[in-house]
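Okay, so chain A shows up in both of these, paired with chain B first and chain C after.
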Partner chain A sequence: MMPNRFRLSTLAFLAPAVIGLLVFFIGPLLLNVEVSLREQGGGHGLAQYLRALGDAYYVKVWLQTIVLAACVTFFTLLFGYPFAFAIARSRGPVKGFLIFLIVTPLLINVVVRTFGWMVVLGRSGLINGTLRAFDLPTINMLGGWFAIGITLVHVMLPFMVLSIASALEGIDQALEQAALTLGAKPAAAFRYIIWPLSLDGVITGTLLVFSLSIGSFVTVMLMGNNRTMVLPVMVYQQLNLSSDWPFAAALGMVLLVTVLVISGIQLAIGRRLRRGQA
Partner chain B sequence: MAEAASGLEAIQVSKRFGATQALGGVSLSIQAGEFMALLGPSGCGKTTLLRCIAGLIDPDGGDIRLGGRALKGVQPWHRDIGVVFQNYALFPHMNVAENVAFGLKMRRMKPAEIKAKVERALALVRMESFAARFPSQLSGGQQQRVALARAIAIEPVLLLLDEPMAALDAKLRGAMQLEVRELQSRLGITTVLVTHDQDEAMTMSDRIAIMSEGRIEQVAAPAELYLKPANRFVADFIGRSNQIVGNIVAAADGSLALQPDADAALRLPVPSTAPRQGRVLLMVRPEAIEILPGAVGVPAGMVGVQAIAADRIMTGDRISLYCQLGGLSLYGTLPSQAEKLAALPEKGAPVTLAWRESDAMVFAA
Partner chain C sequence: MILQSEIRPARKRARFLPALAIALGALGLFAAHDAAAQKITVVASGGIWLESAKQNFAACYKERTGSDPDILVLNSGEVINRIRANKENPSIHVALLSEIDAIRAGREGLLDKLDASKAPNLKDVPEVFRKQWDDYATIQNFGAMIVMYNKDKIKEPPKDWKTLIDNTIAGKYGNRVSFPAVTMAWGPQFTWFLTTLYNGSEDEVFAKYKAMAPNIAKYWVNPVDAINMFATKEVDILVYWDGRAYDFAKQNAWAGAYIPDPGAFQSAAMLAKVKNAPEASWQYIDCVLSPKAQLGHASMIKYPVVNSKVVYPDDLKAVLTPLEKVRQPEFLKFMDKIPAWIERWNKEIQ
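So, the complex of A and B:
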């Protein structure tokens, strides 16, 4: 009797999550697949996918999307790792302040945050205003990849920093001290001990940041121009401007598969790295 | 295997953490090849001193010299000091061989040389067959051996052991203590052990430095420390003892005696080395007390008191008999032997407690 009842109650507890996932995630995804396979004149086929992958413009947009996400991930890692290190090594109120500092972008609405960057980067903004005050030539930084990148790196930093900081905090400080007493200079202790042991956090952080930034839409819309086209914006245009639902659905599927494949590659590289360092 | 062992000299080493004076001008001289323990209660500064020697902490003042070379300004990675950390600090992402090879790799040795040295170091701790295992696949004792092999593989001029046995169970700890001691004397490497376990310090060391509140109380061989403690702290910290606080008073015949605070009517004999007056602490180790059934009188050449037998407590290898005299309680111990146990006075029976005058220790209280 007991095992049965146990199994039933387990199922009962799981049910809301399972039903929620089926209804709101798997279901729409399957519907999306169906829509993407629709062809003009009624039947089903791969026409939308062939159209997306056969056209140089769409392929270019696809590559731009990947490169943007990869660059954002790279720079987030570059700036985030030292910050995570500072958080892991600090104590008490300093640590609290640093964590607060890093999560602030998440507390601010995406549109407000983006306008904040416009104020900083704009023609009469903080940077150009300062340049002008010294009679230096001004730089147009708005409306392009640079503005998109800097805004995305800013909002993605907390995901990277918190992932890495928690991995770094799990490393016993005695390991680094042991390395030093064994003759490793601090740089070598980092290279051989701290870096490989923090790889778990780095992998988590890069996966999060990559998959979040490859799907970013509002930031690209607000900070970009007509040349900074990426897949999410294109999906939006196909839906709202062209009302081409099957093509939008196909582009969405291309984006999803891209994220899955690249995440898989990232995971594999991470595992390889961890073993290689050992 | 080790290079020529080096002596270590600490001169007036001091270190302050905020409001705490962790080390208050500690001076200590350790000879080449000697095994020295730093023993004391937690917070006495022993670990701070060890970390200063390793270069993991910079002392505020004073000097540490290793083999005549001043260590001030020498970074830990240039000190050639092997350290075994409290929880071994084995690198979890490296296997046993890679852990042991790490220090050699940092010294940019040739792979063939590294391989030979790793094998030799692992053989010394009898871990050759575990070279490909990862630390998480090893027991506590095996991890400790690997940590030891890693520390001695770099052929250090000094070996530091930071509470190395704390995480082992009692049986294994005893075996490892002897094994490490044997290895140390075979390699002839100068060694400093930090521990709060006095049995461990006594088992392993040539000499022990007793530390308390950032100072060294006494440096001596284990036997001397136990039998001739330099001060009240050492006498109290090492071993067990009967401790009686009171005033020195003169008896009618002019001889001196102790009037205990616990019972002012009592007079206890004090050794001739005791101060002529004032408050003192009299300490007698329980195994120095001879327990004689009945009011038989104190044997010649000894001093003692008449008392009433109270509780007896059996703790494995010895029996303690607690005795009451007035408001005072004294206890003596005997080895656990059936015949001795049978001869012990019953509860409430009169008993004579006697000890040699030289076994009593008196300190100003």
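So, the complex of A and C:
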């Protein structure tokens, strides 16, 4: 009797969340699928999907979107891991200061942060101002993938750092010390002890950063140009300028499926890595 | 000792008090609902526009109805999408739309035709400001896309649009020029205007866009981004809206603004009453179009307004683009081409 009662109470607790998801997530999603299947002369079909996946330009935009998100995730991991390590290994006011450093940007709107980077990267900005002071030629850094990349890495860094830091903090330092005592070099201790045990945090961080980056819109629009087209900007254009809802819905679905598939692959790789380390 | 007879009234009171509370609560809800029915939601653009909407339009509405409207800052695309989302019970009652969205909203049956018997100030708005919209919307104020330039860098700004375009292609200004993109909300109108300079040829205009691209710092999409590029001297020439351009030039001695020949296209904000919106919405529309509020609005945002009874003071008149210098786009002729223009822009202008 007990397990049944337990199941019933669990279901009761889950019910609000499940109903909320059905009404506010699955429902609109199904509606979106229906809109994406609408065809010009009436009726339903796959015309919008064929347009999105059959035209070389839209395929290029789709690939650009994936590559941008992957690069942002890679560089966020590259810069975020050492920062997370520093947070996990520091104590007292230093730890507080590092956490403050990484959390503070989250309190500032992404638009403001993006405009901040415009000031830094602009022709009269900090970098070019310094170059000019040394009589060096200035560089046009705005309006391209570099500017978008650096801004997105900055915007996404806290999500990666916080995910990894929490995993690193859970690692018993005695394990690392034991390895060092037994003659392992620090690099080996990292390779065989710290990295495998922090994989959960890395996977969470990369999943978060990848899914947020692939959907990022404001930063790409402000820092990019016509060459740096990605799917979220394309969806915005189709909705607000072309007023082509079915095509916008189809592009949205392509984006969603892409995120789901890549996240699934990331999780599978993570699982395999963990199994390999075990 | 407490008698039974003493308990009964107490019990009755105990039953009566919750009932009274429920009744009062219901009454309160009813009153709140009634007040909410009078409450309307309107739209404004951000910055000084929002201030003007509060000082000129909302103040007039409060004077007439005793109630403050809720003012939302939204762009045209968001407005039309919100109205589409709930046609029976719209969350926006008086819409501020781009010209093309206003035509689309009228065609889709999202708006009520403007009615001078309900908003009498409409009688003083010339027909030219309503005709293309079939009276589903009226221009509230208009501006024009003109040229801003850095006086320190550009000693002789080109007198006309064609020279500006040819000089940009020739690289005369380096890559420090910014034009609006076709994908900017008023980009299709600008493209239409350029076609009028090139014998109506879209192909020629797109060829010019493509030829200019290497010397364009950015084809801008976001107005705030555009003015920031100019303010930080990222670009020396910027095609931008007149009111804000003149205002910027007034505050920065190094900046200039002018209308190249043969003029500019009219870029307007459309006012419309949303279908199924409360009747009080007409009061707000009438307020927006009243001579006093219109003059106040023009003084603050530096754009010409549409009520023919408005008389501008000389200092204001000097910074407003005259009507004879602007051409109203023929929206019905090109609006159905917009999706194809956007696709062409995305694919060709890299």
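Everything below uses one rule, namely that the second predicted complex is superposed on the first by the 260 of 278 C-alpha atoms of A that agree within 3 Å, B and C clash if a C-alpha of one lies under 4 Å from a C-alpha of the other, contacts with A are read in each partner's own complex, and residues count from 1 in each chain.
Keep in mind that, in the parts below, a residue touches a chain if its C-beta (ideal position, glycine included) is under 8 Å from a C-beta of that chain, and two chains touch if they have at least 3 such contacts.
Model, not experiment: these values are computed from the prediction.
Overlaying the two complexes via chain A leaves chain B and chain C side by side, clear of any clash.
In the superposed model, A:172 lies in contact with chain B only, and not with chain C.
Looking at the superposition, the partner that touches the larger set of chain A residues, chain B or chain C, turns out to be C. Of the two partner chains, chain C is the only one touched by A:226; chain B is not. Within the superposed three-chain model, A:241 lies in touch with chain C and out of touch with chain B [touch as defined at top]. Of the two partner chains placed by the overlay, only chain C lies in contact with A:140; chain B stays clear of it. In the superposed model, A:119 makes contact with chain C only, not with chain B.
Vertex at the C-alpha centre of chain A, arms toward the centres of chain B and chain C: the angle is 140 degrees, rounded to a multiple of 10. Judged by the touch definition given at the top, the superposed model places A:57 against chain C, while chain B stays out of reach. Applying the stated contact rule after C-alpha superposition, one finds that A:197 touches chain B and leaves chain C untouched.
Superposition on the common chain A brings chain B within a closest Cα-Cα distance of 51 Å of chain C.
Of all residues in chain A, only 172, 174-175, 177-185, 188, 192-193, 196-197, 274, 277-278 touch chain B in the complex they form. Listing the residues of chain B that touch chain A in their complex gives 54-56, 75-83, 85-87, 89, 91-95, 98, 102-103, 106-107, 150-151, 154.
The residues of chain C lying in touch with chain A in their complex are 75-78, 81, 104, 175, 181, 183, 185, 187-188, 213, 217-219, 221-222, 225, 228-229, 232-234, 338-339, 342, 345-347, 349-350.
The part of chain A that touches chain C in the complex is made up of residues 57, 115, 118-119, 122-125, 140, 142-143, 221-222, 225-227, 229, 234, 237, 239-244.
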